[in-house]
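When the chains are written out, they are named A, B, C and D in that same order, and each has its own residue count from 1.
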């Protein structure tokens, strides 16, 4: 616990205001604590670090936040929804979004004008047609085989010509990207399409194989793991589950979410609950921050860039 | 729109009170509208019906609600998280839960006593050891091969000896159960384990293959689709995405959720937003009910049982 | 704690399904526990019972649920927002609402057509003009003086000619209605208007005087208090605060809310937090149910009517 | 609408990152839009500006954010809960808080140790005993009479010896503080106590009198109004209601909340809904930001301080 103190608003850097929040309450305080734990996990050389990526982070403009974390080697393994990767690829060939107002917009008109809406941004429907041309060409260049999702994304990433792409940067920096429900995305549909006329398979047990063997190794070597989880869903569950075999609790877990525990779902489950499962233990440093990740992520990453300079 | 009227509390059946709610406001009204749309979709013989299953519905005691829907042939395809299927299997070999109070319980003590907590219920840690013996025996009896998740769950379901099991009932009633992120569960880990020493593979593109071909057929035949979605996550996204190739909007969609749209994620996205994507069209009957599914589901299923008697 | 059991959906009464929910989890279980505690508090003859009324319960069609509770003498003191009382009066002179769809409706058009929207119901703007005529006539008949809010509402209730009115029933059954922020409502504005030309004052310290003296009496007599709180805001805070002077914790508290504690506000605060304040003690029976009150209230009241028959 | 752009994390000032958020999505974008509208309303000399204060802002360390807004004359009228003012007074005589962890703390032990918990901060129970001595002395010095809440708070503020107190600063800067439910707080109880032995009355109709006459004046003079509303409850409702008599819609409204509209209550109601009531009109600049105010407020105030330098 820190000493309680009123926050002083003034012209200041992001790091300065986040530091001040440490002495306050509610989610301001949690923002500061979350940042401190992510900082500590980055500084801990014995720690393998997971990033969980749920929600439409990439359409929301959070791509460079993820890219900076990869480039600075803050992250070793990303577990993501398929949608975020699909949109990362779309941005690679120049797709953009328009802002809209969900209270004003008529979705039927949007449809007629050729836009797909994601709350208050919209992408052109042709994004997906262009996707087909762009990604099929890349997939055609990938050798036949059965791929884990991270190996397939590595192959795709290597062939992408955009230095600001998450999967490009991940392929350069040897960051693995696991998408447990890859078929549950436009990218998944494109892979299915490509697989119709050739031997290209997704073998998700290879993803499991990787994380379980990694966990055995880390346990043997007495190494640590940490997780920075944005949102819930499959990425959260997969990251927490990944230390169950063998039993080796995460040492650091920060989750940023707006899902609360009161309805019983895993997305909103507290990290205290994870203690009963052995996903963390009583010495793990944990923090749950209740905040839209589009606000929290740029603040946390900017703070840490400043601190590490 | 219905006429507005005050609700009259009294001794009455579930169907009677739900009917009364139709004339009120907020989520009472939505509960009635959701029930009416599910009823209409069940009565529509030309309609293929999806059920989306997220959140810990089975540990929460909702298993018989799902089973009754299967037995009465209200549902053709279930899209679920792996956890719900894992718990369905556990209940098949007699596992039970204890109730606890998340505000009182100490998770560290729970861990020491050998319990895994799911908000306010807990299952014994041995459940998972027992799971290993039970499910490995079943998996060993399944022929070598590459399976879609629904085919593998069909094979498991067939071999389960519990008439109240969701996957048993599904196998009897030819209901397909798709789990796009199957590896993201204890069951997934068990399958991975089994696959270490033999040729047993999960090929998720086969799941995609099935729903896409189904959708082509339904479009050609002028048939309809409906979705009753409990919670968000992968099941929601997969069910909505399943009508994009080819473009054939869902005709009925009811979602029961506590995730709201204001944070931009797909789990909370409105069905109006789905209109811009062509996942529904302007003639689709849609309803979003904001309510814990543990309250809504038993009310809706009980109401419909009464109506269909 | 109860034994855990799957719920069985079937044709059944509201009481029967609520009873079944007792053995499940999450908010289904909480609905059953909340009902049981309200039942116990009603049966406890030594208990003064508060009802907290926030949110647009009356426009949502919940008026008869409150009226039934008053008639059956389940409630001694209501603490409400001004809006609920304003709408109760409006319904007394025949005002009704229309249902609308917040995703379809254009608020500018509604305004032009003369409707005020409350989420998915709308009332005619003339309701408020009619209110003026109706309520000024009543107010003019009330003797000069300084009134607590409950005494003024008693005087108004007496003069209302609608047996289904909350304030009418309250005046008949000697139930006090306290509205701590009475000026924060259309009714408050009407009272202000009336007070411009005569001696009619609201003296809110008299409301405080009443509850504090009541609490002294109850403490002296060893009597109990219970609270059934719908929503948060001033009614929740006032009811919990009312046992601080003198220190005499509530013996029963049930709150039905969708506000969660994670943001630090009193509306979402847990009842466990209230323990640190002495608003409850370790023997108090408490339950927080996270559910739209428009669903929970009719279910709870209908269940209890059935149980008490 | 702005052009969509990925945010660039880096060492930067709060203003710089908030500006970048303008081109993104979800609540990051809303944070930027909210800040822009508050800025515009401050720069608009013809505009009377309201601040709504709900939730435990003062215990959460937000006191200096409010004080800075008063000192810089960004605000003309504050509408608050009683609790925030009570805690402002407590801080004036040196009371502090301790941080705690709501998942770890036992409320019964807290009670025994003499602490009242507010989510993750706690204040000493003696705070309230000290309050009695401190505030009764001040109240005894205030002349007999019937006071509006703002006049009484002016009298108290004048007598407080702490230049960082909200009510002290308000009294110096002629900012009115209205607390419509003043009796619903510890301060209210102290005032009631004081009034037992002398003629000191709260006449809330005087508060209404003030805002209604102000509104008549502003309408006549063609002046504007703006509202910056933190949280919901009575302060939100009162500020929006204050422009109904006479009909003169607010020109700017920014609300920062975590209450969503889907449950029908006023706290979560959209500002679009307010349009149907005439509380805003189609030209009003409005923004709803879904974020814990403890995060949003320091960011917004710090940004504006930087912009105005």
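What we mean here is this: contacts are C-beta pairs under 8 Å (C-beta built on N, C-alpha and C of every residue); 3 or more make two chains touch, one makes a residue touch a chain.
Since we're looking at a predicted model, the values are computed, not measured.
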Which of the two pairs, A-D or B-D, is linked by more C-beta contacts?
A-D
Centroid-based (C-alpha) most distant chain relative to chain A:
C
For chain A and chain D, what's the span in angstrom between their mean Cα positions?
36
Between chain B and chain A, distance of the C-alpha-averaged centres to the nearest whole Å
25
Between chain B and chain D, the Cα-mean centres are separated in Å by 44
Considering chain B alone, which of its residues make contact with at least two other chains?
25-27, 56, 60, 118-120, 263-264, 272, 290, 292, 294
Arrangement of touching chains [line / ring / star / complete / other]:
complete
Which positions of chain A touch chain B when the two form their complex?
54-56, 60, 83, 102, 107-108, 110-111, 115-120, 122, 180-186, 188-189, 191-192, 195, 201-205, 207-209, 212, 231-234, 237-238, 241, 244-245, 258-259, 261, 263-267, 269-270, 272-273, 275-278, 282, 292, 294
Which of the residues in chain B end up touching chain C in this complex?
1-15, 17, 20-21, 23-29, 31, 56, 59-65, 68, 91, 96-101, 103, 118-121, 164, 270, 272, 290-292, 294-295, 298-299, 301-302, 305-306, 309
As the complex stands, chain C meets chain A at residues 25-27, 260, 262-264, 290
